[in-house]
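Chains here go by letter, A, B, C, D and E, matching the order in which they are written, and residues are numbered from 1 within each.
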Amino acid sequence: MKLSRRCFLSFGIGAAAGITLSPLPWKLTDDISIWTQMWPWTPVPPDGAYTYENTVCTLCPGGCGITVRKVDERAVQIAGMEEHPVNKGGTCILGNSGLQLLYGPFRVEAPMKRTGERGEGRWKRISWKEALSEVSSKLNQIRASGNPHQVAAVSGSKEGTVARLINRFMTVYGSPNFMTEPSIQDSYEAMLYLMQGATGSAGFDFENADYILSFGSGIIEGWGAPVRMFLANSNWRTKGTVVQVDSRLSNTAAKMDRWISIEPGTEAALAMGISHVIIKENLYNKGFIKEASEGFDQYKKLVLDAYSPARVSDVAGIDPSVIEEVARAFAASKHPIAICGRGKGDVPGNIHEFMAVHALNALVGNINSKGGVWTLPKNEYIRWPHPIMDKVASLGMQQERVDGAGSKDYPYVQSLLNRFPKKINEGSAYPIEALLVYNSNPLYSMPDTKAVQAAFDKIPFIVSFSSYMDETAKNADLILPNHTYLERYEDVPTPNGLQYPILSLAKPVVKPQLNTMHTGDVIIKLAKCMGNSISGAFGWKDYKGCLKQTLGSRWNQLYKKVYDVDSGFAPNKWVFETPSGKFEFVSSLVKNADENNIGIPHYYPTALEGDEKKYPLIMVPYGSMKRATGYVGSTPFMLKAVSDETLVKNDVLVQINPKTAQNLGLSQGESATLTTPVGEAQVKVNFNEGIRPGMIATPTGLGHTGYDEYMGNGKGVNANQVIGTVEDPLTGLNMAWGIRAKLTRS
Amino acid sequence: MDSELIPEGVQRCSLGKFLLWIGVVSVVLLWGVYGMILCWAKGLNQTNMNNAFGFALWIWADLAVIALGGGAFFTGFLRYIVGKKELKNIINYAVLIGFICYSSALLILAIDIGQPLRGWFIFWHANVHSMLTEVAFCLSCYFGVLTIEYLPLILENRQIDKIPFFHNLSHNMHEVMAVFAATGAFLSFFHQGSLGGVAGVLYGRPFGFREGVLIWPWTFFLFTWSAAACGPCFTILITKITEKVVGKKLVKDNVVELLAKISGWMLLTYITAKIIDTLYWAYVTAPKMGFTLDQFYTNNPGSAYGYWILIMEVIVGGVIPALILVTRKGRQTPLLLWIAVILACVGVSLNRWVMVLQVLAVPVLTFENWFTYFPSWQEIATTILPVAYGTILISLSYRYLPIFPQESELNPPPEELLSEAETVQKEAIEQDMASQDLTPAESAG
Amino acid sequence: MFPFSFEWTWDMSHYVFHGGLWYALSIIGLGMTYCIGKSAYDTITGKGGHHEDH
Amino acid sequence: MKEGQHDQHIKKYGMVIDLDKCTGCGACMVACMQENNIPFQKDETDKMLSITWLRVFKLDNGKPYPDTDICYLPRPCMHCSGIGEHGHSPCVSVCPATATDYSMETGIVSQIYTRCFGCRYCMAACPYHVRHFNWWDPVWPSGMERSLNPNVSVRMRGVVEKCNFCFQRYQIAKEKAFTEGRTEIEEHEYQPACVEACPANAITFGDLLNPKHKVYKLKQDPRAFRLLEKLHTNPKVYYLSSREWVREAGDNYIENEKVDVEPKKH
Amino acid sequence: MSASQEKAKEVSAKASDGGAGIVFIFFIVGLVVSLLVGWVLFPKVLYCQKEQPFDFNHALHNEMVLDGCQSCHFFRNDGTYSGAPKLNQCIECHTDVQGITKDEEIFVNEYVRNNREVPWLVYSRQPDCVFFSHAAHVLAGEMQCKTCHGHIGNSTSLPVYEYNIITGYSRNIWGHNISGIKKNTWDRMKMDDCAECHRENNVKQYSVQTKKGPCFVCHK
């Protein structure tokens, strides 16, 4: 076989030569090279025709116009709508990442019925028909027992047709218990009512203002209509002065022209102190005080007696000269505005602080005039005929609300959601048999989540309309998922803080991706399922028909242009609807206004929850644009943008002054236990020179337990777990800006 | 069993012991291979590298083994170009160590890059301005040269040598070895230099940047020089360790001394240049970029990059061994020689460490902090892998190839073992030896 | 590496760099070809060499 | 570039970021992620593993309460034109496989993902940390890949990526211009996603060589500074700040060095 | 003398007495076999065929339209190129079966009636990493369609679609000639073909690295 070996060798050489002379190795090299550059598991987004559709973002009450870029039927980007007067082309971080809320796997795919224990996460998909019959039979059953008032509804907002449809449903069903998520708007409304007799919301002509005195408002942290505030702030960098009063170096404090650091919770005292200087130095607007105000003398006396800069300086911990300086600058400006409502404005606040701050606007006469604080009428475009109520409904509606809002104890507010869990847990009101939750996530976003959970546990039937598997949906018995905001029609009323009325229309930019249904349609269908006495109030074919009819002649304009500004609106300068027809420094709408100055702007220290000895520190929650705190959670992209000074792996970092931390024997990055009278949380320590010694700041918007891991499940701690509520004595609204706390090494 | 393969005139331990030894080292090797496979299959998320430490332990290991493997090119240079005849007695081992170092470096690079299957783009789509391209080209070419230099040694195995073609091949390769060695020295000069240039050209990295009047990174020359100085030290060190392990003298003292002496002078001149470089850098280059030496060495977490590292590198790992090696007494005293070669190796490794890790750890943006990094077990395993692989290759080569020409001269075998043809007898003796209770040193030999 | 790769340009840096590379590769390649060729020739002609020179 | 090829169409795109206006809200970061198909992980808290082409840094003045001050600084790729503006930015010249390139036409530093094999030398070269490595395979939670932008290809594991001033938008704008019979594009037609999204209008983008573009004037603002000018990287991103300590934070200064960050007189 | 040397002698002895012929034949056989493998078998294995949903007559349609290729393969207003026509372009005429071909029947019955887009296999589809602007070439560069696409517009039926099993690319990218030799500009659509044309037409070469077109002009 020696020959064959040589032959074999020869064959091999021939073959090698042949292969080399053939395209095989060269082509193969090229193909393999391409193969290594185009891994088949790397997704390739399909291309197509690009279209751009305008709509309005409804992820927060900011009301920005957005342009959604589509590739064929896929939405691929959200940008600000250039022409929209609110945001003029800008978007916030949440709005920009909205597509993740459209396509995320944490959406509820279809109507779901709970099969396991509550919150366990075991569900059964049901049809819409089944879902509707489930709810209607349950509600009919409650109604048949004569207790329709034992059904409650929570809505994210009280404005807009969907919220109003729910409210209307509740009315004809026979329950007064329609509640909405609280915010500083409630306080502003109550304050405007007390001082100006107005039933409307507050608008601020920031575009024309030249001096802003902000008492802790997070101007660039989500307060008001966020993007509009960013734009206003950018203009102030060259054409205005902003003074931020804050007990910590918030982003706003850092970015504004001047930061005045005060003792936390003494904003009202400082406002009164500034008043003192303005009045004492005769810097106030005499015309306004003379012509348009009432009770000035009494207010003046109070201010001069009790709020001298020296005394305020003791309380607020600042130099008296600072008070004088700010007062003079404020009064000397052409269009100064004083604003309040802390941080993002999701906690209403102390009404007397609002009054004290607003009194400053009155002193300079900058109310309902250019560059000042305006009163906007209630959104009046929804003019539905009063529903006809049957006897059951009428009786039900005569029952007192479970949260006490509008009762003789709390006459100035329409909803007190903060009192709801308390009343249920106390068992002092009638029981709630069923709860409908729309555009709201109370189990996450309400203070003292433990108490809220306990209250919800007592409610036998909870229906969520959420598009997402949020905490409340997860704890519901039935989920009737709504379309997401990019899949549905919705009217968007004037955003918070805007000084002129504007109506926008959100339109579906993509087809519904899942088996969801517009909550408006669900309510109309539900009403139709429930018999004549209820369905009679819902004469519309569907939600779109309802909306079209409601908007009437404005529909076409809105459909084409997305927004419609009420150009005829102008504020009634110095005209007030109080009994005296004037701006009332001493509110005549408050009984015994003099008693403890209850009807007059004044300062009193907030009684924070907790014993000072046991809890030597003060904990304040703080928000950021980078973390969504409302109904929707932070998107994966937002969590990517969250700083490593806030979150490290799954641990939240609480901000603390290095000196305080060293006194407690804590070092940077160390694990610690944060304890408050309400709860306890495992945290890590972050040294932050921007925090006042003796205080801790805890980031909000973290620690979700619904959604999924990409949306921050298990990341950090929900700040609402460790903060409680403090009731404002006059309005009943929550005014807790902090809580006593201790931080111990763990 | 394998006596047919063992070179003539030398003694080796029993096959069983040898296999046991190989087996033990293989466990380490397999651990490294496992780490390597993890990195390839799951990606570089298996490491603790991050966007600040794009270069980390592996690149250090690469630079270090290449520097230590520099003994091959420099000894070759001395042997074939300069003509230091004595060095022929250590050149084989230098080549083997070089071969191990360079193949390890290439292997590590293959793990280190994000898309190993596209690694050849560095050749195909070469950017000639990149130091790394130069490194890759010279490194692989020089690896080729080392393979060529190592190949005749394999061919000299007793059984392979019997095949006339291989016998002739090894002979012919020896004939032209000077050409290969010269090419190797040329390539080595450039890639050692360009490895130095890797950090030296980074004008965004004040710690590493060292460009001078010639618009050429000075680190280029410092790296070549240091590799030439410390590579032979590593060769000596490994030779000494091998001698300790096998319990025999393998290379004559005069050979080692000659190499040590040349090394010492290289090291002395290198460290002088290095000190000048450091001073110029500290007083001229860095301040131009807004940095002081203090900023480079203080305020870092746990003082991982403190002044100690500079002192360790320059004084302890440079000046001291240089002084020991240049003095006759120093290199003739075994303990001092040991200390000197170890320190030199530590010094050059530290230098490479600094030029990889510290370059990246120093914050350049004023609002960033020092970056910290600790390798993951996968990185450590794959870095130890070459050590295990090298140990196995050395063991195999020592057992079956005539690596040390002076071994039989230095270790004359007992008379009765000289009748090499009688394999049966030899096997019997081996079994005999195995059955006796030998001392560890003997058994290892 | 080759003149037909996209990155190739006919300029000084390419001449120097690739010149060096191809020079080294040629020496390695030609050297090995010579050794193998000569060994094959030696084997066939039976003129084996000896290792005594190293 | 060869003789005779020089023409007036050469542009140098750059950015001016007004730090007085920037609120650190992060909208730019997210707009960038959405535009450029940037993947995300369950845990993105280790910023040295997280891919953010544009990252907002928080700077502080290091003083104790209440004299503390902070400033946000968004950092995209600086698109350095390098020493002598020859286009040899720190990263470009080091790439062994020519996967990153500098275009003299636009002044943009590009990254070609299919050419990159992940040696990360460019990352070591960049003092701004703008380059990011794909440590993981890019995986989108089920359904979320539907929002991927077809104009940008998704990067595979093991390659380096970075900001390219949304060059795809330049290409799209060019296509539109061609349809309309133009060869040049207007300033507003090519704006990166971050600029478009910024709710504070803090970022301005345009051709630094074109006197008609806003950035041309803004870069001469007395408040203007660039990051690490001493390294001669010649970045094309300018920052504006009226705060001296912020301008000072833009570069390293040795003790007693005369710091030239006073606002320049017009 | 060792055994191997003896063997070598034997072998050389064999070689000298007439074995060379057989050895040479073996060489030729090896050469021919591998040439056949490389030139004939390899392309067959490398490329797989896929059927288009149904056949299409370009020539027939070309006669009926006013604006040539761009009648159906048009530019959108934003300058992007529409590519293969969408169903709603076709149904302007094809609401019902008009012709007598089986293909039209398939088209109307399976796609028009069910409102399904036709999953055409695109011969000239470039991979995802490539950015190609038709507008830049056709509108600004005033190039002819056939420069890259050849005479497809005059074809009466669709050619067989072939794709590379390793890369997934259409065969038209590499071209039908397995050796990569091209006679016409439309025979191949590789990067080098783009580069060649750009160089010939003096397209601005602004790259600092390659002194050619910057990479990202064509890559994304």
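What we mean here is this: a contact is a pair of C-beta atoms (placed from the backbone, for glycine too) under 8 Å apart; a residue touches a chain by one contact, two chains touch by 3 or more.
Given the structure is predicted, the values throughout are model-derived calculations rather than measurements.
Q: Just to be sure I understand the contacts, which chains border both chain D and chain A?
A: B, E
Q: Determine the set of chains touching chain C that also touch chain D.
A: Neighbours common to chain C and chain D are B, E.
Q: Mean of the CA atoms for each chain, then the mean for all of them together: which chain is nearest?
A: D
Q: Two chains share more C-beta contact pairs than any other pair here; which two are they?
A: Looking across every pairing, the one with the most contacts is A-D.
Q: Measuring centre to centre, with centres taken as mean CA positions, what chain is farthest from chain B?
A: Between chain B and every other chain, the largest centroid distance is to A.
Q: Could you tell me which chain lies farthest from chain C when each chain's centre is the average position of its Cα atoms?
A: A
Q: If you average the CA atoms of chain A and of chain E, how many Å lie between those two points?
A: 56
Q: From the C-alpha centre of chain B to that of chain E, how far is it in Å?
A: Those two chain centres are 50 Å apart.
Q: How many angstrom lie between the CA centroids of chain B and chain D, rounded to a whole number?
A: That gives a centre separation of 41 Å.
Q: Quick check: what residues of chain A touch more than one other chain, meaning two or more?
A: 32, 37-38, 44
Q: Quick one: which residues in chain B touch 2 or more of the other chains?
A: 115, 118, 125-127, 129, 133, 164-165
Q: Residues touching two or more other chains, restricted to chain D: which are they?
A: Residues 46, 58, 88, 95, 98-99, 114-115, 137, 151, 153-154, 156-157 of chain D each touch two or more of the other chains.
Q: Chain B touches which residues of chain D in the complex?
A: 46, 48-49, 57-59, 73, 83, 88, 90, 93-99, 115-121, 123-129, 131-137, 156-160, 227-228, 230-233, 249-255, 257
Q: Which positions of chain A touch chain B when the two form their complex?
A: 32-33, 36-37
Q: Spell out the residues on chain C that touch chain E in their complex, using ranges where they run on.
A: Going by the criterion above, the answer is residues 4, 6-7, 9, 11, 43-44, 46.
Q: Considering only the defined contacts, which chain E positions touch chain C in the complex?
A: Going by the criterion above, the answer is residues 5, 8-9, 12, 191-192, 195, 209-212.
Q: Applying the document's contact rule, which stretches of chain A touch chain D when the two form their complex?
A: 37-39, 41-48, 71, 74-80, 87, 89-93, 95-97, 99-100, 102-105, 220-221, 226-227, 230-231, 233-234, 237, 249, 251, 254-255, 259, 261, 513, 625-626, 635-645, 647-650, 657, 659, 689-693, 708-710
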